[in-house]
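Alright, structures below, take your time with them.
Two complexes come next, and they have one chain in common, subunit A, joined by subunit B in the first and subunit C in the second.
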Partner chain A sequence: MATPASRSQVLALYRSLLHHSSKFAAYNFRDYAVRRTRDAFHAAKGEQDPAKIQSLIAHGEKQLEIVKRQSLISQLYGGEKLVVETKHQKILRRH
Partner chain B sequence: MSFTRLLQPARSLRSMQPALLARSAVPRFVVSPAVSAFHTSAKRLQAQSAQTVITPSSESLGFSVSEVKDIQNTRPIYMDMQATSPTDPRVLDAMLPYMTELYGNPHSRTHSYGWETEKGVDQAREDIAKLIGADAKEIVFTSGATESNNLSIKGVARFYKGKKNHIITTQTEHKCVLDSCRVLTDEGFEVTYLPVGKNGLISMDDLKAAIRPDTALVSIMAVNNEIGVIQPLEEIGKLCRSKKIFFHTDAAQAIGKIPIDVTKMNIDLLSISGHKIYGPKGVGALYVRRRPRVRLVPLLTGGGQERGLRSGTVAAPLAVGLGEACRIAIEEMDYDHDRVKRLSERLINGIQSKVSHVYRNGDEIQSYPGCVNLSFAYVEGESLLMALKDIALSSGSACTSASLEPSYVLRALGAEDDMAHSSIRFGIGRFTTEEEIDFVVSRVVAHVDKLREMSPLWEMVQEGIDISKIEWAQHA
Partner chain C sequence: MFRAIRPTSTLYRASALYKNAAVSSPARVSMAMNFARMYSAGAGLARSDVEKRVLDILAGFNKVDAKKISLKANFNADLGLDSLDTVEVVMAIEEEFSIEIPDKDADEIKSAEQAVEYISKRDDAH
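Up next, the complex of A and B:
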């Protein structure tokens, strides 16, 4: 089977997902992508089964591709801010 | 331009930022000059150059008229998930190849363009079937839940006409079900409209009593679009199967939000809509049971696509989008449901803890938490809607919101006119945030207080006068 995933590989994927998720121009998609990434990684934190970890990483990599493409599209057509947004951006600035 | 070029990290562009800031509407999110060069927004796309000319008439009485300019640069937050939901970016990502490269007709058998599109459509069929526990062969693509409802009700009724002439439905169904039934009444069918209780649920005894030997179909919706109540599908299905009556359910608001299993619930026909589950608009599906077989007279005839039940080329990009939306729904149902439930409680508790005389319409337990219908006593719903212009809301179904009539669904619950007039529906979905909920709560609380302060009725209530006992003088 595939080599076991290293901690750094998982962390790199996590950071990359958060980074690209925060690029959605649309507030709701941006918030969802960041939150869903965090929740998914936290939920899988204690996973021990190497095969399961491998399939989770494969899933994450697929999501990363989608987020990269879709955040770009969101930037192309979006941009008008929602009334709740001004406060919100401070929270996301960490990424 | 290659994809990697477009996705340069923002850091390397920092030196260019002042120039970018000046040019683009959203400097913070622009990662590449290419994006900012092609960027457009809905406002710009819809902008019209034509100007409205208003000439003052003699009736203007010295009042000047000026064009209302949209000075607001922010958009309202979206809380009308029952009308439609935003398309999930993952759904759009699955659709785009079929709107660009893969344009073949899925029914073309003679070349690879047809095959590759057919493969996408078949995968979508599988995913939809999986979500409701059906077989892919039992799924028919339609243009939406309205068509699915029309096809199943008219289709079954017309096929079995002569032997069976009776249909049962409820008073709180969607307009398209009620209207299909009305058309069938003109064709000689008899329709029973079951009443609902104060909580919005039908009574099984009423249903049992309404069933006749010539009943062909029972059509009862899964989740109500205005009040969110969940009808007892399993019991209804069991009863219908035992009496050999077909059971159709309009599950447009239920699919992907609550677990549905056509086998366990003995459902024979089930309507699905794409745009209620973060999929594209303009596509839906109908589940038609094969064993025991349900026979339908099609609404559209022609090339005989979709087992002859729905002629016309399947809209492949939309079908793929619907399939992807269903696949995501299977993965995300538990996560979404937990979250929607939490946000829903936050909304209801937030409002009810700060405003008195707020009532929730519909059953509290047997309902989908993402649809919260509240009545604010002594406040006119339309005025509140106007005041809450920063929030996209509706007082009920989108189809009836143009009229000022109180909702027929709330009337069917036995709500008094004033309570039906003062209702607002809050829709919570996958992309709703805590921040939005808190914003809604603060706005609703502020405006309800303000509107009540202006209301003489509210003043009387505060003084302890029972308004329902007042005899109002009639204007002659």
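Up next, the complex of A and C:
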């Protein structure tokens, strides 16, 4: 993360991606979105090239729009919970 | 004939009602007071309780060495968490206490103690 500005921007993007990802009603999509977000950010953690960082941020922002839209739709059509889901599952804690 | 009887019966009934009312009125008052709940009274979290819950959240992270967990421990320097992990710790805290922490406040939280400090300032945490 080259500059402090992009650093806080990346962290804010990470926060909102995780926030919206954990709102999927469907277990499989929720788990995937959270895992995918986490993996992608950790994989690109050491990235130094400013141009690459900018393109990754742009990609993340596009994904955020999709996650926002799809998690909302998922909530509208939320179906039953799977057997593996417990009432108080804290999805963000597992890793 | 009936009309002659009626006034006495109503009189009797009225007095009976009055008697009942006199007896039951204190009970009615206390009942009314029971129903008036004080919704505005904040529950308030005990500091020791908040501390325990925050430390439990940290203990739930696999990356964190359980022996190093303490209130003073800095997430980055002492617990070896990077900035991405810190975001996740703060989000777990948000979830635990049912609050939303705005970005600028979330960036300030760098140790369990600071988290406890912040939560004790928030009235809507529970």
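Just so it is clear, the second predicted complex is superposed on the first by the 82 of 95 C-alpha atoms of A that agree within 3 Å, B and C clash if a C-alpha of one lies under 4 Å from a C-alpha of the other, contacts with A are read in each partner's own complex, and residues count from 1 in each chain.
Please note the rule applied: a residue touches a chain if its C-beta (ideal position, glycine included) is under 8 Å from a C-beta of that chain, and two chains touch if they have at least 3 such contacts.
What you are looking at is a predicted structure, and each value in this text was computed from that prediction instead of being measured.
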Worksheet item: Putting subunit B and subunit C onto subunit A via the overlay, clash or fit?
Response: fit
Discussion item. Just checking: does A:14 make contact with subunit B only, subunit C only, both, or neither of them? Give me first, second, both or neither.
Written reply: second
Discussion item. Between subunit B and subunit C, which one contacts more residues of subunit A in the superposed model?
Written reply: B
Item to complete: Give the angle at the C-alpha centre of subunit A formed by the C-alpha centres of subunit B and subunit C in the superposed arrangement, rounded to the nearest 10 degrees.
Response: 120
Item to complete: Would you sort A:41 into first (subunit B), second (subunit C), both or neither based on which partner it touches?
Response: second
Practice prompt. Determine, under the contact definition given at the top, whether A:51 touches first (subunit B), second (subunit C), both, or neither.
Written response: neither
Practice prompt. Mind working out whether A:28 is in touch with subunit B, subunit C, both or neither, as first, second, both or neither?
Written response: first
Fill in: Superposition-derived minimum Cα distance between subunit C and subunit B (Å)
6
Worksheet item: In the superposed view, which residues of subunit A touch subunit B and also subunit C?
Response: none
Worksheet entry | Residue ranges of subunit C in contact with subunit A within the complex | 57, 60-63, 82-84, 87-88, 90-92, 95-96, 103, 106-107
Worksheet item: Once bound in the complex, which stretches of subunit A touch subunit B?
Response: 23-25, 27-29, 31-33, 36, 39, 66-85, 87-89
Item to complete: Show which residues of subunit A lie in contact with subunit C when the two form their complex.
Response: 7-8, 11-12, 14-15, 18-19, 38, 41-42, 45, 90, 92-93, 95
Discussion item. Residue numbers of subunit B touching subunit A in their complex, please.
Written reply: 3, 6-7, 24-26, 28-31, 35, 38-43, 73-78, 86, 89-90, 92-93, 335, 390, 430-433, 435-436, 439
